[in-house]
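The structure appears right after this line, and notes come after that.
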Amino acid sequence: MTKLTLTPRQRLYQIIFGTSTRFGQWFDIALIIAIISSEIILIISSVASIESQYPHLLVIAEWSFTILFTIEYILRLYCSPRPLAYMRSFYGVIDLMAILPAYIAFLIPGSNYLLIIRLIRVLRIFRVLKLARFLKDSNILLRSLRHAQRKIVVFFSSVLILVTVFGSLMFIIEGPANGFTSIPKSIYWAIVTITTVGYGDIVPHTVMGKALASLTMLLGYSILAVPTGIITAELNQEMKTHRGLIRCPNCATSGHEMDAEYCKKCGTQLPETL
Amino acid sequence: MTKLTLTPRQRLYQIIFGTSTRFGQWFDIALIIAIISSEIILIISSVASIESQYPHLLVIAEWSFTILFTIEYILRLYCSPRPLAYMRSFYGVIDLMAILPAYIAFLIPGSNYLLIIRLIRVLRIFRVLKLARFLKDSNILLRSLRHAQRKIVVFFSSVLILVTVFGSLMFIIEGPANGFTSIPKSIYWAIVTITTVGYGDIVPHTVMGKALASLTMLLGYSILAVPTGIITAELNQEMKTHRGLIRCPNCATSGHEMDAEYCKKCGTQLPETL
Amino acid sequence: MTKLTLTPRQRLYQIIFGTSTRFGQWFDIALIIAIISSEIILIISSVASIESQYPHLLVIAEWSFTILFTIEYILRLYCSPRPLAYMRSFYGVIDLMAILPAYIAFLIPGSNYLLIIRLIRVLRIFRVLKLARFLKDSNILLRSLRHAQRKIVVFFSSVLILVTVFGSLMFIIEGPANGFTSIPKSIYWAIVTITTVGYGDIVPHTVMGKALASLTMLLGYSILAVPTGIITAELNQEMKTHRGLIRCPNCATSGHEMDAEYCKKCGTQLPETL
Amino acid sequence: MTKLTLTPRQRLYQIIFGTSTRFGQWFDIALIIAIISSEIILIISSVASIESQYPHLLVIAEWSFTILFTIEYILRLYCSPRPLAYMRSFYGVIDLMAILPAYIAFLIPGSNYLLIIRLIRVLRIFRVLKLARFLKDSNILLRSLRHAQRKIVVFFSSVLILVTVFGSLMFIIEGPANGFTSIPKSIYWAIVTITTVGYGDIVPHTVMGKALASLTMLLGYSILAVPTGIITAELNQEMKTHRGLIRCPNCATSGHEMDAEYCKKCGTQLPETL
């Protein structure tokens, strides 16, 4: 009954923005499939050999998706009760960024520039970030990270200072003759080393340089333990709290054990999440 | 007495499928030794210099094991009370996959094709996975991983999105001139970097590229902490629960401390596992 | 009223050394901006192409900062109630080291030497370490590390012994022909491998060498878990204790849960830190 | 008084084997200094350029230490109440292995062989392992590792199976043309990749190979979390238990908090270790 009182615009809003109705869920699933498909086509079209084989097919497929997403964006603006607020929101900006590069490439002539701009279109990938809407289970992870925020900032500041100091020392020791041509490049080496990535494109050649590199590695090795410790400790606590806060739907008892599946008072099955 | 009432087929079932009788245990141990031996021969025969020295010996050894495993497979089908259910089970399929490649290579003539098919035979390695049957202590690990399942999915989705975004950005910045010939290849680079493997086969050359690579590394560095945190927190909880669930064999008291070796009520030694 | 009784020297002390007054805070913020700016100029001037373009500009900028920091150092000595104690303190030494290399380069003539000494000036980066004064939240991290101190020493001694043993074994197995020209170089390889950095500049070529390298890697892999375990366990405990020590500002109740935001007795909001 | 009743042999035993007397402690410290000095000389003499400069000096230094350690070994045999038990003990064998290679090189003539045997002398490094005697604080770490033993075995078996499977698959996909010349070499690649070392000496070249390598890396990435989780959980528990077991030296109260420094009952300072 209440359903019939909705205007077509309100219904459209329910389908496009909401996930409570069946059509709203279908729309979102279809959207995600469309986003991933357009991404796959974009990735495939970046492979030179494939693009030269099916040039028209890929262009048509890309434009179909661009037009589809444009219609979707217009409909969002139309049915939203506050279109300006939507446009300025995080998802509004991403929705626009997912279609704009295609039109910029279309409007401005000049084949060479078009090629470069087409590559910028890969930023449409940010559209995929919409997926985050579906990941409700990521809450525990995010809350742990938010709690650990300040400790992570302290940690990263220390890492940046260390990397600058070690990079500069390496620049003095090894010098441009051994590939350490400037301090920024030496800092790049220090980051590659301290994160244990170790490309091997810049490598110490002198004995002193190797000794300093060894120190950097052993330091990076032990430093790696700090963020892990921070996040584990937070996550540990978050998981305990999270479970403890769940109330039994029958008798409202809270403070259950982390692995509890049934209420300890009345045996009713507990809900998975808050 | 009850033992004598078993038919030969039932006895065979007890030996081949069971591990409760002495012969059943011996059979399984012999089987594992045979599997590992056949794997070692397969691995050795892949070394070109050794194969050219003892070509006949290795072929004979391989075929002996293939025939042995074939007989074993037929016996399993014969003695199983429900042969079709066995064939369709996980181990049934693996048991068949462990012998089939050898016969496919035998039936179809043509030396070149045979060579390729012989390599597919290395899939027989999956046979070794049977070892898992003996690892009862892996339960705690597996249960922790199962509990952390959803968090790990959330985490891996985030990693995949990040890797696609960073790979595409790198493709725009560095381009085919610096080895980033396509987006899939750039995503491969991003995975190599974010997992801190760092082969060094594809490496940024421009200043902007190096800056983005540094960001990717530092991100990968801190991201590495998340799965560790998840698994540690789950394992921590799992170990507490696991020990707490053990009941004293004498007075049936449960809820012991994780490191308890004796019952806190009556002093009876507690069993190691549930 | 009390404010007017301060001599100009005492006021200067309050501004330069203190952070309690508004001017004191502004001075410290301005100082940090100046330090980071001078560091950026130093890093930029190490890039050969940029330096050749703006040689005078960079020299002038560097000297401006050097003179600024010299005036600051003199003012610190002037207004400090105990100038000698300041000079001998950790920050006093760093403050002097941040200006001295510039003057040493100035006093001694000879262009070649000047170039080398200019590089030593990058040690001025240590000046940035003053940032640590602002990071009060780093206390939990530092206390955890201090508690874990002895375990970390034990761990690092084991790593050093392992690295020496594996490096020496690799020197015997691979030898100078395969790039392992001396034991120190082989130890360098072992550190590169056990920390999972893996530059790939020195790599085993023989079968035996590869087997030993595989063992080293798997060992390094599992060893990596030990410092993480140590720091996580300490941090876990430290965070529990830290929160438990906070007293309610209203009723002075302590022993709150780690995630408590309000006093469990009177509901007053708890302070963030001790 | 009791001291005077000791025979010279018993006194020697107290000095060489014991650490309770002042001379016993001095002897052990001197021994460690001698071991490290002989190791440094050995490491230095492996550097070709240094050895050619001071050939006699290094030979003399090496022989001095060898003779010193030989005298020490003879004295140990002489003063030990049960010389045969000492000889067969772990330290007895290491003590012999630390001097034997030098004499073997001396007795058998032939310069080429001598060179090889001299290298085997680096095994004398194991002598340094005696240091472990001084590291009593390593007990917590060792006990944690012993408790986690079975889980680590399960984990390493899984890693070995994974590495064999992925190595073989890579051998089929990439083949000898792309550097994966045999299954053992491919397994070596899989270990280099899964441990995130990533030398880059063997690297996938085909698209399929890169896809499989990406999978291997992401797997290795998440697998890395498991041993950390195991050791952290054990260490966490071990530290709690360890502290809880300490008894107050005044009132014998146990069950103190992990970070307790004073007895919660009577305020007496608690001992550091059990």
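Think of it as A, B, C and D in the order they're written, each chain with its own count starting at 1.
Note that in this section a contact is a pair of C-beta atoms (placed from the backbone, for glycine too) under 8 Å apart; a residue touches a chain by one contact, two chains touch by 3 or more.
Note that the structure is predicted; figures quoted are calculated from it, not measured.
Taking each chain's centre as the mean of its CA atoms, B is the chain most distant from subunit C. Note on interfaces A-B and B-C: more C-beta pairs are in contact across A-B.
Per-chain CA centroids place subunit B at a distance of 42 Å from subunit C.
Rounded to whole angstrom units, the spacing between the C-alpha centres of subunit A and subunit B is 30.
Contact with two or more other chains is made by residues 184, 187, 196-200, 224, 228, 230, 232, 236 of subunit B.
Residues 39, 42-43, 46-48, 119-120, 122-123, 125-126, 128-129, 131, 135, 137-138, 140-141, 144, 152, 156, 159, 184-185, 187-188, 191-192, 195-201, 224, 227-228, 230-232, 234-236, 239, 257-259 of subunit C touch subunit A in their complex. Subunit A meets subunit C in the complex at residues 150-151, 153-155, 157-158, 161, 164-165, 168-169, 171-172, 176, 181-184, 187, 193, 196-200, 203, 207, 210, 213-214, 217-218, 220-222, 224-226, 228-230, 232-233, 236-238, 241. By the touch rule above, subunit D contacts subunit A in their complex via residues 196-200, 228, 232.
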